[in-house]
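What follows is a group of structures, each given as C-alpha cells.
What follows is chain A paired twice: with chain B in the first complex and chain C in the second.
For the complex of A and B:
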C-alpha cells in the first residue's frame, strides 16, 4: 500500500476528541545527516520513509470572530493517494506541568476534489508550501524532519525556493484528551536528541511579528 | 612441595575465572542469537561490562606477585594415540576428540600459529629486500611521526579545549532563529507567498484574533522586533498596533 500524505499527520480513526501533543525544533542542513543517523538508532526499526507533501491552508471568514482554518495536504510523491484534511485547534501552551504544546486535532482523508469543494463552501486559500523530508516512529510518537519550501508561482509545486537553511523537526503524538503522561514520554525522547536539536514547546502566537 | 601446591591452586583459580568468562560469553551469544528482537542497548552494554570486568580480574590475577610464572612451566605430551579418547572429548566439550601426533604440535605449540608464522616470514623477506638507505629514511620518517604524536598526546588539553570551543562556535547544529521562522511558517504561513494581496488589515488567522483580544500586551512585549513598542505596552489602541505589526511583518527578510 502506498503511503498517503496522511503519513505525515496522524490519522484518528473517527475519534473526534483527539489531542495532538507537539514539540518543535530545527536542525541546520549540515547537521541533518547526524540527526537522521541518531533517529535511525533511536526510533522503531522500520523502512526509512520519506515524503514530499504540498500543503494548502484555507480560511473561511465569517462576519465576525475567528476565521475558520483548515489544512489540506496532498502527497507529491504519490499523486494517486487521497488528500488529507486537517483541523487544528488553538494551541495550549500555558500549563507548565505539561511538557508539550497541546491542541485539538481532527484528521480526515479526502478525495481529489477537495480544493473545489472547499472553494464552493466559501473557503479561500491563504498560503501554501511544500514540505519534504523523513518520518520516524517510536511507539505512538512520530518524528518528522522536513525541509520547507515556498511556492514561487501559485499552484506550481515544481518551482519552489527553500525557506531557510534549516530543517523543521517536529515530535508529535496523538492521544485522547487528558493523557498528559504522553508529554512526559515525549520530553524524555527529546532529551535524547540534545544537543543536536532542542525540541521545545513553541507558542506560535509569540512568533508572529 | 609448597611450590607445587601453590601452582595447583593458582591454576585452579585461573580455570574457574576462565569458566566464568566462558559462561558469560555463552549467555551473551545466546541472547544475541535468540533474543535480538527484545534485546535493548543498555543490556548489551551490561554484558560487555561484565566481560570486560571478568577479563580484568584475570589480568590482575596473572600479574599478581604470588602467581607462579606459568611461562617457566613445561608441558610434555606423555602419550600420543591415534584412537578416539572419549574422556578427552568430554573434557574439551567435543572440541578435541583425538590426542594424536597430528594435532598435538598445534595445541601445545609455544610458537605463533602457522598463518602468523607465514606472515612473519613474508615481513622479514620484505625487510631484507629494502636497502639500508631506504630503511634509514623510513625509520626517520616514523620517528618524526611518533615524536609529533607524542607531543600532541602530552599536551592534549590545549588542543582539546580549542577544539571544543571551535565546536561550540562553528558547529552549532541548530539555529533558534531558524526554528522560529520555520514554526511560524507552518503555523500561519509567515514568509510564505500569500495568495491574497496583503492589506493593512491583519490577515485573518485565529491566532491573530486571540492575540488582539487577549494577549495584546504580552505579544507586543514578547517580540522585541519593534523596540519602541516596549516602552508603552497596552497604551496604544489596538488598531494602530495591528498596523505596526503588519509593517514589521513586511520588513521581515523572508518576505521578499
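For the complex of A and C:
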C-alpha cells in the first residue's frame, strides 16, 4: 500500500489524515422508489432523513499547477446550521485491488461568513448547484441519494433546473488512512443493492471534459 | 459528499474587554502579574484554572506585486473545539478545529510565518459574575507584555454593561482603565449589537499586533 501522506507541520487541532472511501452510481427517477425501499430495509433503523443543500465550488489558482478546490455547502432546509467546507484530495492510485475510491478528506464546519472569507483568501466561485435527496446510514457507512439541479440565476436557489432524469447514488465512509477493511465492507453492501444500482469506483479526474 | 451537521454553535458570548496592562516601572513581567493576582485574590476572586489564546500568522504566497493581507488563525481555550480565522479589519470566520488541518493542505498557497506565533497564557479568576484572565503575551519565547481580559458573564450587549465593567476594572487596575474596545465602538449596529467570540479575538489580535510592533522593553522583561 502506498504510504499515507504525512502532514509536515504541527497541527493545533483537528483530525489529520482522514480518508473518504467512495463508490458511486446512478438510478433513473423511475427506479428511485424501489431503491429507497431497498435502502430502508438494508440500512440502520432510523427516521427517514431528507436534505436540500446548496453547494458552491471554489477554486484558488496559484502561479502553477492545478487550482486548489474547496466545496462549501449550506443546508437550505436548516438555514441556521453551520456551513460545511470540504477539501478532497486526489484519488489515491496504488492498490488496484482496493474496491473503493480512496481520497484524503478534510471536513470543516464554518460560520455563515464563509463565502466572504473565501473570497478574501483569493478563492473564486467556479460553479454552484442544488442537491436534494435522502440519507441513509449503515454503521459507519453513509448512503446519499440525491437529485442535482443547476442554478439558472447565480445565487438564486429557488430558480433551478434538474441536471438529468437520474439520481446520483453515493456510498461513502470516513476512516483514518490505512483502514482497508472499509472498502471490503462497502463492496459487500454494494453487492446487496444490485441490480437496482451498480455502485462503482469512479475516478472523478477521468470524467472531466 | 458528506452532509455534516455539526454540533458547533456560533452563538453570542458575553461581553469581554481585553486590554494591555503596562509592566510596572523597573519590575519584571512576572512581578507585575503577581501583583495583579494578589489584588484579585484580596478582592475575593477565586482562581479557576488557566487559559490560553494563540495566534498564527499566514501570508499568501501566490500574490505577486503588492504585499498580501495577513491571515490570522487563532484559538481560545474557552472555545477549545473552535478555530477563529481573521483578516485585520476584514471578514472572519469561526470554524471547527479541522480548519487547522485545512491550512496544512493550503501550505503551498498560504505560508505560516513561524516566527510570528503569539501566545497568551495565564490564570483565570472568577469574581461573582465576572471572569478575569491575566495573561503573559509571548512571542518567540520572550515575554512581551501583559493582557487582562474581563468578561461580564450575564450580559451580551456591551452598551448595557460597559459602565459597570469599567467600574469593576478600576477596582483592581486603578486609574489606567481602558476605553471601550474599538471593535464595539466601530460596529455599524453600535454598542447594542450582541457581542460575539470574534469580538474577543479581534481585541486579542489588536493587542498582539501592538505588542509585536513595540520595542522589547530591555531589562524589564525576564
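The rule is short, and it goes like this: the second predicted complex is superposed on the first by the 194 of 209 C-alpha atoms of A that agree within 3 Å, B and C clash if a C-alpha of one lies under 4 Å from a C-alpha of the other, contacts with A are read in each partner's own complex, and residues count from 1 in each chain.
Keep in mind that, in the parts below, a residue touches a chain if its C-beta (ideal position, glycine included) is under 8 Å from a C-beta of that chain, and two chains touch if they have at least 3 such contacts.
Note that this is a predicted model, so its numbers are computed, not measured.
Q: With everything superposed onto chain A, say whether chain B and chain C fit together or clash.
A: On the superposed model, which is not a single observed complex, chain B and chain C fit side by side.
Q: May I ask you to decide whether A:63 touches chain B, chain C, both, or neither, giving the answer as first, second, both or neither?
A: Touch partner of A:63: chain C, not chain B.
Q: Pick one for A:26: touches chain B only (first), chain C only (second), both, or neither.
A: Touch status of A:26: first partner only.
Q: Using the touch definition from the top, say if A:72 reaches chain B (first), chain C (second), both or neither.
A: Once the two structures are laid over each other on A, A:72 reaches no partner at all.
Q: Figure out whether A:186 sits in contact with chain B (first) or chain C (second), or with both, or with neither.
A: After superposing on A, A:186 lies clear of both chain B and chain C.
Q: For A:128, is the partner it touches chain B (first), chain C (second), both, or none of the two (neither)?
A: first
Q: State whether A:172 touches chain B only (first), chain C only (second), both chains, or neither.
A: In the superposition, A:172 contacts chain C only.
Q: Given the touch rule stated above, what does A:108 touch, chain B (first), chain C (second), both, or neither?
A: second
Q: Using the touch definition from the top, say if A:43 reaches chain B (first), chain C (second), both or neither.
A: neither
Q: Please give the least Cα distance, whole angstrom, that chain B and chain C reach in the superposed model.
A: So the smallest C-alpha gap separating chain B from chain C comes to 9 Å.
Q: Both chain B and chain C contact which residues of chain A?
A: 61, 65, 68
Q: Mind pulling up the chain C residues that touch chain A in the complex?
A: 1-6, 8, 10, 54, 56, 60-64, 69, 71, 75, 80-81, 83, 85, 87, 90-102, 104-110, 112
Q: In their complex, what parts of chain A are in touch with chain C?
A: It comes out as residues 7-9, 11-16, 20, 51, 53, 55, 60-63, 65, 68, 71, 73, 75, 78, 81-82, 84-87, 89, 105-114, 116-117, 119-122, 131, 135, 142, 144, 146, 170, 172, 174.
Q: Would you mind writing out the residues of chain A in touch with chain B in their complex?
A: Its residues touching chain B are 24-28, 30-31, 34-35, 57, 59, 61, 65-69, 90, 124-129, 148, 150-152, 154, 163-168, 195-198, 202, 204-209.
Q: Across the complex, what residues on chain B touch chain A?
A: It comes out as residues 171-176, 178-196, 203-211, 215, 218-219, 222-223, 225-226, 245, 248-249, 254.
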